[in-house]
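We just call them A, B, C and D in the order they show up, numbering each chain from 1.
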């Protein structure tokens, strides 16, 4: 079982790295879908979450549906409708981004090592993955000009946080109702962002954030 | 059932979306009135939570709820006239989102479970986004985009903070329900390192929403671009809700014996916020942004007051109440100015005293109030914060506090005077209407009223609120 | 105390009635004036019992559950209440005809409302007996006086002046609040009790903070910058109230907190004395350099505040060195000068207002010959000028004499105190001389000689409601000068409750004062005799009139008269490093020169310093920081990340 | 009674002394000079005449001579003359007197400005400036005297127990005062080198130009006032110079008037041997006198402790 969860985690890491160096919007969206599914699966393979009731099963199904299908689907439509140029248009080049991803992994490794003392053991890879995902999400938001990439970055950040949540906390606290609420928020968030993007596109004929710099002092 | 307080506006908001516009306005007022009634019932202790695991009525929550509900009523009255005047296109969306906004904010005030609190705060962001870009101008879209994205990122980090707090519990193998009330009970046993980490992330997360610098960047954009009733709500109600999240965790930290740590962080953010606000208030060309930065500054004041504790804590809570009343009134007046002159730029306005005498009185009184002149409550709150700061020996903080207050005052006074007195053309786009004047007057008069006579119940609730943090009015 | 509150209620009614009656212009003004006058008389009546016994008991109102508003009157309060109740009704009366534009009825109503609020708040400041009460009244005073300053807000310079005043008032208030916070942190209560329990470094800190706060209100150098802008901007009767009464609240604050702190060390006295000397000398030098009559008067307020502080500083040094006579006379002279200044300064401002109303100009060099056209205004202004120059037999001399007397007492002290005392004497002498020079300039250029402009030539006397206050105040100047005893007694009475001075024996200085009165009367007597002698000498003589002797020049015209600028320039140049003189001279060019201009401006170094070394750098730094709000969302998210990193690393 | 007589005598003699100055100057210049009683003739002539008033002037112009005369007369009531006690005296009278002289100056200046003449305005400006500076010197003298005698009245300075005198313990310091007071005398009474009463160019005058428009008895009052003022300052210096002689009133009186005459002669000699300063040097000159006295006053710190 452990091997399987590790495999998933490695896949997530890989998806993060690929997203950092991907130059096509569509690829990015697809990777996000994959990552969403993976992230949703992780808790199922963790030891302390073995006993999952029927409510849990339903919840995870919904979660996979939302993270793996609904949200990427939304993004997919958004890209199709909105982005005229399908390039990612980075502020920081792809190679540098990839390099950053590697550094991020190292940093997460370092943080995890440091935190090992105070953590219940056995989750080092999970934690590394989570922190890397989180960091990469923030990095994507800061280093790409397209507004959609920022939504994607946000999702990645969310995934990272979710992973840390699963890694660190006992399931008993976070009831499914609550987690569902969180999920719903994310979904609605992405929807709202999509609506705004749509409007922005109509108003500016583009969704480049370079155009979104008029409000300043 | 306590949950009615937020369910009612949410349901009515949902209904308003589908009902015809003419009915929607009625629903807005009726919902506001009903909500106020429910709030009062909540105050009287008539309502018990149906899901005590998630919701409860804490004194700080009740305070914020009352303020929110009160100012919402008057903002909605204003909004009706405002919508008339601007011939708003998607009025049903606006009304519906206003109500949803009220509902989610009420949910924040009643939430007792950290993650439920988180969900509610994130929900406020989402339902308020349409309020900002309702007129779909380029600037409004940009502002909304920044608002949603930055707040979402910030709040996502707060979720991480929530997880850390849970972890602080798990590590020590404590088995207690994850609610603030029960956390406070076991606070002493929580793992301090993770608690600190949790506080940092929650501080940054909700601090983003509260508008503390340097995470405040969305605030001036969103507040200036939103239609004035929405700005008033954002500034007067939403920021308080975010503050509530921080406050609850600060209480937890305090009970866990880490109060000094969280206090220092709060004070740091407070000072930075005040200073940053000062930078931008000086020579600010846009008066709605001015008000927005003033909100940043006042959130800083509240953070500092809470961080200092003691009598300053009472001052901070008082500041919160009065700031909400006065700032929302100011935004409503700003709405009238915007309607009258058709521009947010200070240099396009002027001579308010002659052209819009009623708005002028409200606007200037609001400015005097927010600058700490009597007879407005901010006079007391700022005085108490200064006194508290000395009592705790925080001289450097105090020096910064006073410097920033003066800086902000100097900057704002210049612009307010320009708007009020400078010579301008005689063209007026939209005349003043009583319906758009009375709400701002009522809000100001409420502040004056609370300055002259503080009802015993409110006083006691404030004392209840600050008791946990060791705050009292006797130093 | 009750009578006092009734008086305040009446005065407040005088503020609220105009708001309701503004449609009937005359009725509105009359209502305001009558209520203010009646209220003030009631207020003066309320003081009489306080003069006899220890004063009415403290009045306390509970407020905001845990705060109390406490009012009480001690002898110091009584003394400061006198000018409030004396000058304010006269100013209100003066305003009746001064504000004569019926189309501005609403604004004038607001003006009366603010004036009455200002009076009430000043009374409350003086009666306040707890920190929170004081702060409250203080802030109301600042706010209402601000509204009075911006009464003529359609003028750009008025707005600028109002802004400057507002910022200074608020910054000063912040300093005062800080001092209160410091006090509260030690005593743990909002009352005035227990201030003397503070440790001496804390006392000094409180003293300096209050000095900054009260000093900026009183207009001490270099915190006086707002004053020469705000006073000219306000309507003249408001200038009279502000300059005559309101800035004295700053002096009151200094006195009050000095008494409360009971700090008997040397430093406070030395600081106050040094500040007083700087304000006094520089105030009058700048006044000499100004040609706007109201601005000039405003600088004289700085000067007189300086004299008042010299007195107070000498008193404090007297207390510190145990020299009771010096302490008593220093403080008494200071207090009496507060009263005197309020009288002659409001007289002068009202006189200037009359000139302004009739000629529409405040520039000295565009006036002239007004004493023939406005006889009452001119004569009363002359009286005010002599009084403010501190010359006998008028009131200004009495208070300056007391201060001199204290300073001479200080000469017997050893070391540094001797130096301070002698510097005080020299400063007083120089201030006196320069003030006389300045007021000969004002009187000579504005009221004497020939009119320098059409407007001045066409001026006529103002209406009765404006001349009546002028006459009353002028008479008061002379009365205090000739019959000083009761007023000096009043000043001594004002000191009664200042514990550190010790009990003042009744009859202190009685001989001195009667001698002063004697000298004044002797002077007047001889003057009368000489006047009669002159009559006799002229009896039956031929009196002719003709043009002024032009020293050989046969076509003199009014433009050839000496101007105020040239009159003062050589004196101002003497003080050069402390005064900045800018000369703009286009020079004479070509063989047949065209029109040339020559202009000099005398600038305030405090103002220049504040702009150059404080504001400009600050604004520059803050402007640089504006890139924070740079507009791009990537950067904004970067801030959040940075904050996390910093917090995680630091903590 | 003898005080009153002595006072009357001084008043009578006041116009005589300027005659001495003129005779001294004439003597040094090798000329015959005007008669000693010239000033009396002038006064008498002026009193017989009527006046011409400028149409520009007001009542202030007419008040000028009266007030300045009164102000000049007052100090003589308070200063000991020829060994007799003054008519009036009280603690603090010096301050009052110098301020009363101030009001005299105030009206002189106001009257000058009342004529609307540019020349008179110019003179007034100079008068106002220089007398302010001289006032500083005078008050520095008062500081010194207070240190020495502990009193504030002219009578106590020169007649009391702790009278200031060259023979006293601080006599050396008085040398400074004598020099400085002499300089003040020249300044306050518009003598060379500060002002030249004999000049013919109005532009260079100070005091004389201010009274250009006065005529008749008014001018007489001004002139007489000026003599009183000069007398007061000279008496002041005389007292400092006069050695304490334990003899009768007559001897002291004669000694007093002898020294007084010498002071006037000294003024005459100064006028004969010096030229008038450039206007911009005058402030420096007065400041020198101030520095001298203030230095002396500071020195008393050493003497007294």
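In this section, a residue touches a chain if its C-beta (ideal position, glycine included) is under 8 Å from a C-beta of that chain, and two chains touch if they have at least 3 such contacts.
These figures come from a predicted structure and were not determined experimentally.
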Best-connected chain pair, where connection means C-beta pairs in contact: C-D
Inter-chain centre distance, chain A versus chain D - centres from mean C-alpha coordinates, in Å: 99
Intercentroid distance (Cα basis), chain C paired with chain B, Å: 43
Separation of chain C from chain D, taking each centre as the mean of its C-alpha atoms, in whole Å: 36
Distance from chain B to chain A - Cα centre to Cα centre, in angstrom: 31
Where chain B touches two or more other chains at once, by residue number: 145-146, 149, 153, 157, 220, 280
Where chain C touches two or more other chains, by residue: 626, 628-629, 633, 637
Contacts with two or more other chains, residues of chain D listed in rising order: none
Full enumeration of touching chain pairs: A-B, A-C, B-C, C-D
In the complex with chain B, residue positions of chain C that touch it: 64-67, 106, 132, 135-136, 139-140, 142-143, 150, 153-154, 156, 159, 162-163, 166-167, 170-171, 174-175, 177-178, 180-182, 184-185, 188, 619, 622-623, 625-626, 628-629, 633, 636-637, 639-640, 642-644, 647-648, 651
Of all residues in chain A, those that touch chain C in their complex: 91, 138, 141-145, 150, 209-210, 212-217
Touch list for chain C against partner chain D, complex: 368-369, 371-372, 378, 382, 386, 389-392, 397, 400-401, 404-405, 408, 411-412, 414-415, 418-419, 422, 425-426, 428-430, 432-434, 436-437, 439-441, 443-445, 448-450, 511-512, 515-516, 518-519, 522-523, 526-527, 530-531, 534, 537-538, 541-551, 556, 558, 560-562, 566-568, 570-571, 574
Chain C-touching residues of chain B, taken from the complex the two chains share: 145-146, 149-150, 153-154, 157, 196-197, 200-201, 203-204, 208, 214-215, 217-218, 220, 261, 265, 276, 278-280, 282-283, 353, 357, 368, 371-375, 379-380, 382-383, 386-391, 393, 398, 402, 405-406, 409-410, 413-414, 417-418, 420-423, 451, 454, 456, 459, 473-475
In the complex, chain C residues that touch chain A: 626, 628-635, 637-638, 641
